[in-house]
Amino acid sequence: MPNATIIALIPLLPLAGFLLLGLFGRKIFKNSSGLIGTALLLTSTVLALYTAYEYFFVYGKVDGVYQQFIPMKLTWLEFSPGVSIDMGMAVDSISVMMLVVVTFVSLMVHIYSLGYMKGEERFSTYYAFLGLFTFSMLGLVLSSNIFQIYIFWELVGVSSFLLIGFYYDKPSAVAASKKAFIVTRFADLGFLVGILILSNSSGTLDFNTMIATLTSPDSDAVKTAATSSFLGASALTWGAALVFIGGAGKSAMFPLHIWLPDAMEGPTPISALIHAATMVVAGVYLVARLFPIYAITVPAVLEIIGWVGAISAIIAAIIACTQTDIKRVLAYSTMSQIGYMMFALGVSKYGGESGLGYTASMFHLFTHAMFKALLFLGAGAVIHYVHSNEMKDMGGLRKYMPITHLTFLIACLAIAGIPPFAGFFSKEEILLAAYQNNTAIYWVALITSGLTAFYMFRLYFSIFWNKSHHTHGESHGEGSFVMMLPLVLLGIGAAAAGFIPFGEFVSSDGNPLESHFHLQFSIAPVALGLAGILAALWLYAKQNDKPAKLAASLGSLYKAAYHKFYIDDIYLFITKRILFNLVGRPAAWFDRNVVDGLINLTGNTTQAVSEGIKKMQSGKVQQYAIYFLSGVIILAALFIYIWR
Amino acid sequence: MNEFFTLMKSELLVTAIIFLLLFIKIGKGMKNESLLSLVQVLLLLNFIAGFFFNKTGNLFGDMFYTTPLIAFQKNILSLAVYLISLLCSDWLKKTGHLPEFFMLMLSALLGMFLMISSSNLLIFYLSLELATIPVAAMANFDLEKKRSSEGAMKMILSSAFSSGILLFGISLLYGTTGTISFPEITAQLDGSSVQILAFIFLVTAFAFKLSIVPFHLWTADVYEGSPMAVTSFLSVVSKGSVAFIFITVLYKMFQPMQDMWYTLLVILAIATMLIGNLFALRQQNIKRFLAFSSIAQVGFILVGISSNDYMGIAAVVYFVLIYVFSNLAAFGVAAVIAEHTGKENIDDYKGLYKTNPFLSWILALALFSLAGVPPTAGFFGKLFLLTAGGAKAAYWFILVAALNMIISLYYYLRVVRAMFMDKNDNPMEPIKVSPVVKLALVICGAGIIMIGLLSWIFEYIKSLH
Amino acid sequence: MMQPGLYHILFISAALFFIGVYGFLTRRNLITMLMSIELILNSVNLNFIAFNKYLWPGKLDGLFFTLFIIAIAAAEAAVAIAIIINLYRSHQSIDVENAEDLKY
Amino acid sequence: MNLLLLIGAPLLTAVAVLFSRNKQQVRWISLLGSIVQIILAFALLFAFRQERAENNSAQMLFEQNYKLFDSLNINFHFGVDGISVAMILLTSLVVVAGVLVSWNVEKMTKEFYFLLLLLGLGAYGFFISLDLFILFFFLEISVIPKYLLIGIWGSGKKEYSANKLALMLMGGSALILVGMLGLYFIAGHSFDILALSKTDIPVNIQNLLFPLLFVGFGVFTALFPLHTWVPDGHSSAPTAGSMFLAGISMKLGGYGCLRVATYLLPEGAKEYANIIIILSAIAILYGAFATMMQKDLKYINAYSSVSHVGFSLLGIGMLTQTAITGALMQMVSHGLMTALFFAVIGMVYDRTHTRMTGEMGGLMKVMPFISTVFFIVGLCSLGLPGFSGFVAEMTVFMGSWENADAFHRIATIAAAMSIVVTAVYILRATGQTMMGAIKNESHLQLKDAAWNEKLAAIILVAGILAIGIAPGWLNDLLRPAAEEIMNRIAGK
Amino acid sequence: MNGSEIIFYLLAALTLTCGLLSVSTRQIFRAAIYLLFSLIGIAGIYFWLQYEFIAAVQIVVYVGGIVVLIIFSIFLTQQAGEKLPKQKPGRKIFSALAVFCGFALTMVQVYQHEFDFDKALVSPTMSNIGQNMLSTKEGGYALPFEVISMLLLAAMIGCIVIALRSKPETK
């Protein structure tokens, strides 16, 4: 059985870091805060690795099937008997895998930041936030209760917000952080309503109970939920779809992806951690968590998930080909890769061989974390070196930054799916799963993989080759040891992670899954990948005007892609024009002028009436007598003739 | 004979004071200051005496009738007169006709005592006149002021007109019932049209004295024109006494017509509250302002009266008691300010708190009490009136009354706002309040706070039944 | 024409009453207003006497009421005239329309 | 525990303040008094839990009954259940924070603190009263202090706001008064809540009285569309005044809506529940949208209060146990949160002398403490887990969802949509004031919070976190009480 | 029609005509005289009703007292012969209307009422009046008598104070 204390310590240590540095960092640990944070996280990582070892090799497998363990569960808030938010820890293969990923990447980022963020004014705050994020993310992956995951979901969101807006005096950073938070918040609304629906249908908030209730077709919950329909879909479909919207928001799926590129305003290590490796895959993780429900009860939603993933993958890939800010390219690439994971889930089924997509998705999540974090950290090193994000300010850097160059190349090869790097294996499985279940998605994915290779190498060549005689102001070295160490470690990961027999450990139903390797199947994607690389080589290896020409020849398509297909503008239109100008402003006006106006009107009317009847008190005693007499007569007449 | 002295002790005491003053006046006369102190002491004694030997009984056949409740009512009036003598002592000291003033005021008080005790239309009418004619003369006591005579003229003419109508009503009532004694009239009432007519005629006299809309129009003019002492006497003592006898007349004499007068009261109460409030909204002169506010207060009294059970009586008596303190405190502060600075406008009160915090707090307390805001006694007073009025389950009636409290709060707050919030570049000088007046104001303030919280006072009134 | 009786007298008194009221409402001179009041009171007196005579001769309530009304009328008139004269001194006029400073 | 202490402590403090000699004395006496109140409140909490732990299942604990107007059957009847205890805790926290942030009031200090303490007194009295008359008395007692606080120490168009507040609240009281008298006569001359709760009131009477009582109390708690005193009143009030207004006074209304209107008139509540739901859903969304357009920080918080308080009313309107628990949680949470928000706004205003978001910027640099608190309260407001707002709102949502028909669900979803809008305006406000570059050079000289302000903020933040991180204790306090109310609604 | 009736009608006509003229003439002095005659007419009716005591009081108090007082005050305040100012016609019409309505209402009610007539007509005697006046028993009028005395005292004091205005009080 898992050791509850050890597992609890994994998230709690970063939390301790957050509290320690957040409360006292500015005064007491001004300089040592980085080390404190790193040390705490190192402990966490070790514990996570230990847990992973214990789980996968010691106690996890019972009767050949990986089980879920819940070593600890505390009732946090009880709504009604049976329905309560619990703070529990679910230990199963995906959560353990995620524990490793999160702690490892986070550790890398912690180490890297020691160099990258050195000299920042709010250094300790930065580490505090990192601690908060790591804690929330770990809490998220360990959640055993859908509301618990929602809680950490939000916490992850806010730490992301805090870190994107870390340079709070930069208006663009502030705007980006707001955007990220609000867009994901909007998605979370769906998540929340989805939770309400699912919990109401299943009568619980606990994952296991909920899954058990909602996947058994003869349970009352499923029956009633299936009959109660709204807008042509059953309540359960709605619930599951809405929950997915939450995941889509966090994972930057089309069309809720617009926050992700902007989020690059944050410090680059943050992008590596949050917006590449960990937080953005939370959506994938969520779908994986609830996978039995999607796969068994509401396959229609799963299909939607598949298509959303596929569309996101290809759109992001197209846009990535046109961007010039290297971090934005990486951001779109992230989106594209998450699209892969998502549709991998979408094309999967529950249990056995047909659950290949599930395994592949998780596998890709794992490898992607390695190489994407590596890419970001490498990009960070580059940016650190040239003080710019723009490709045009770079070029020919391979001589100045050899380690960065090498690791970056490994990562590019990995993401392009070139064997034997990590990406190849995971992508291969995904494509296979897609091929087996949904050919249309398979073709989309195939094209995407070619595009991926192209834009990655476009990036690579632009940075490290292209203009050779570029002067970069005063030349300071490539970076300190602490910055290079993570690159190397991650590079090793990106190169080697593919050889892990992932299916052995992670599968939709816990049963180990044989990894099959189909050489003939790999030809097409690898060839496409190579073609993409060659195209990039031809276009970008040397400084020339071919890219410009190509862009010109593609015309409006290029322009549309460059402008991210105008999705941002649509959002802007909706928020600014409709929400602000057509809802907010009228609401505020209505309140001040109509609602309040009515209240004031009563007051003013009273005043006016008071002014109007003042003539009654004319000062003429005879007129008073007339009122008197009239009063008498009228009252008398009334009471004699009407009310007697 | 013994009974004569105990039952009529209040009246006899007041008469004795009147004659004492008369002899002083006819004799050597006294300095104003010492005379005033003497009168104050006598009035205090009169008030204290009112607590003893209260019994139930009839005198002069059925003409005079008293009970402990009536004695308590009389005592409220005595208290009010005593407080007025304290509060207005600055003005009283300066007046040239101090003994006459008190003689007139006490005659009026005597009239009110007799009126409350009356059980016969004749004695009622006579005491009503006794309670009115001297006051009209008193209203003219600022002899040099045009407004004072104008006010007095309006009062005497209006009240003569009103008593003409009252008398016509009485004559018709007499014609149809053949008697002028309350209990006998009750026995004879048959609800014929002439009796309704007579009833309406009769009620207008009360309405006139109580300033019920639309018979109220003299009120503000007279209040504004009269000296402050007279205004406070009119607004507190005069109203209180008429309210008491009004209850007796309605509950006893016109009990058979209760359905009718309930409707009448509802109409009158709503009109009175509304019109009084609407007029008060706009007033600048503090006396006029208080006049209209007192009109609105009468509307509330009518709500209480409409209950037609002992709760109504108790609530009204209790309310009048509170009203004595609240209104006299307000008038007292206004009197002090008017006497020292000659200012009577609400705008002149701006920034008063800066220079005269004591006066401001007392006035604010008084106004809160009039508005019916806790913890002042006015809250309890109003609430009990509404509780009494609510017994008939006419919720909308109570609602209208309650909504009127909002308007009234608005204008009371206007004065508070002037004192506490508005800026004034040259606020009033700090006023040196003489100890006597201060004492009276403190008594009023304490009364405003304590009467509500000391629940036994209300319980006592209820136990007088 | 019928035998003069209660109704006739009631007619006279009511007419006189409303004549007085009319005078009170329309005369601008304060003294004439006072005179109208006297008419009103007299009409009431007439009522009392008539009722006493025709309907309730057993007791003398009406008669005494009349007596006291007459006394009060005198007192009221005296005070009113004193006030009016005082008003005349300050306003130099006894026109009721000249005494309208107090209003609104 | 003797509940009279809760009235006695503020009363004594107020009197002591009246007789103190200088401003410093006034401040320290008030602080001491309010600390005593906190101690009492916590003592009450522990005593209450102790009693409950010993299985004392009486509906009201620590009951005391003194005869007041015996002939009218009006009694000083006191007692507390979990709801009252929670509200008393809230009050004590806000009182002490209010006293602390007002430390620098120089104008008429004595009067200021006197009125402040009187407000607190009214709230304590209100929450422990079990007699409608006394309840009403304590409700009303706070109207005038509010008026004076705004009118004298306020800013902007203070007289107008003060008037509006006083009149609208008085209007609410008028309705309550009528409803209350109606109950009194129906129940055979009793104002006693416990007695009334055992009375069978005819349905038509309930339908008549319920709107009166609910709307009457609703005015106090900013029921749409009678909320317009809120923006004006809050924005004009001095800092502590706003804190009290939003933190405590609005809760009086919510408490009344539940304890008096809903509890005593369950049939009426059922009859009008849908209207309440519609109104509060409108208030939630519309308040949020209106907030989005505000530029004055106090207006932002005031409108956001309208929106947040809507959750309380929504919870009440939903008539399920969980929703009502959530409504009560929201009251406590919103009380703490909004008081803190106003305190922070006051601190910012004291320094920058402006409340316009457009004129600030980058304040994080010069006042990190204040900014952090601002941030925390903002996050609480937008319902971030870990803060009280989340717990309350989620409980409301969960409870609302228990009603299975489309109407309730759509209303819930509409209400839930506000969490996005809230995020928008909170982040906008934070972004414009705390983040970004410093717009006004003179702001560079500003100082961060002083000890009193820090202490005030910490007390309230602690309250928010105590609910946000470990909501269980509050839930345990409120749920049984809500169950009691539900039992009557369900007719058990 | 016998003599008594004729006398009654004459008296009635005198009273009403003089009353009407009194409120309508624009010569103030004439108004006072008309009032005088109207009051005399009422006294006549009292005689006709055999209430001689009241008739005598009427003559003494009204004719001898009040009307004289009024005439004096007219002399004090008015140049004789000057016409009274005209009232606004609107006021007149409205007053007339109100008065007419009131009169009509009253008369209709009174004439519809069935008074209780079956009693012997007796007239009071002087001794009867005197005894009752000072009796403190049931049906006695001692208390009103005392009250009216206080009232007259108060009225006297009031009149003196107000009328003595020009001469400041000596201390």
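The first chain written gets the first letter, and so on, giving A, B, C, D and E; residue counts start at 1 in each chain.
The definition used in the following text is that contacts are C-beta pairs under 8 Å (C-beta built on N, C-alpha and C of every residue); 3 or more make two chains touch, one makes a residue touch a chain.
Computed from a predicted structure; not experimentally measured.
With contact taken as defined at the outset, chain A and chain B are each touched by C, D, E. The most distant chain from chain C, with centres taken as the mean of CA atoms, is A.
Averaging Cα coordinates per chain and for the whole protein, the chain whose average falls nearest the overall one is D. Across all inter-chain contacts, the pair with the most C-beta pairs is C-E.
Each chain's centre was taken as the mean of its CA atoms, and the one lying most distant from chain E is A. Centre-to-centre, using mean CA coordinates, chain C is 5 Å away from chain E. Work out the mean CA point of chain A and of chain E, and you get 102 Å between them.
If you average the Cα atoms of chain A and of chain D, the two centres end up 36 Å apart.
With centres set at the average Cα position, the gap from chain A to chain C is 96 Å. For chain B, residues touching at least two other chains, in rising order: 122, 126, 129, 133, 136-137, 140, 143-144, 152-154, 157, 161, 172, 175, 178, 193, 197, 220-221, 282, 410. Among the residues of chain C, those touching two or more other chains are numbered 17, 20-21, 24-26, 28, 33-34, 50, 55-56, 59, 64, 68, 72, 75-76, 79, 82-84, 86, 97, 99-104. Counting partner chains per residue, chain E has residues 91, 95, 98-99, 102, 105-106, 109-110, 115-116, 139, 141, 144, 148, 151, 155, 158-159, 162, 165 touching two or more of them. Chain pairs that touch one another are A-B, A-C, A-D, A-E, B-C, B-D, B-E, C-E.
Per the touch definition, chain D reaches chain A in the complex via residues 164, 167-168, 224-229, 231-232, 286, 289-290, 292-294, 303, 321-322, 362, 364-365, 368, 379, 382, 384-386, 390-391, 394-395, 397-399, 401-402, 404, 406, 412-413, 416-417, 419-421, 423-424, 427-428, 431, 434-438, 470-472, 475, 479.
For chain C in complex with chain B, the touching residues are 17, 20-21, 24, 30, 33-34, 37, 40-41, 43-44, 47-48, 50-51, 55-56, 59, 61-62, 64-65, 68-69, 72, 75-76, 79-80, 82-84, 86-87, 90-91, 99-104. Of all residues in chain D, only 67-72, 74, 133, 136-138, 140-141, 143-144, 147-148, 151-152, 158-159, 162-163, 166-167, 170-171, 173-175, 177-178, 181-182, 184-185, 208-209, 212 touch chain B in the complex they form.
Contact residues on chain B toward chain C in their complex (touch as defined above): 121-122, 125-126, 129, 133, 136-137, 140, 143-147, 149-154, 156-157, 160-161, 163-164, 167-168, 170-172, 174-175, 178-180, 220-222, 224-225, 282. If you check the complex, the residues on chain A that touch chain D are 26, 75-80, 83, 85, 147, 150-152, 154-155, 158, 161, 165, 168-169, 171, 174-175, 177-178, 181-182, 185-186, 188-189, 192-193, 196-197, 199-200, 228, 230, 579-580, 583-585, 587-588, 590-591, 595-596, 598-599, 603.
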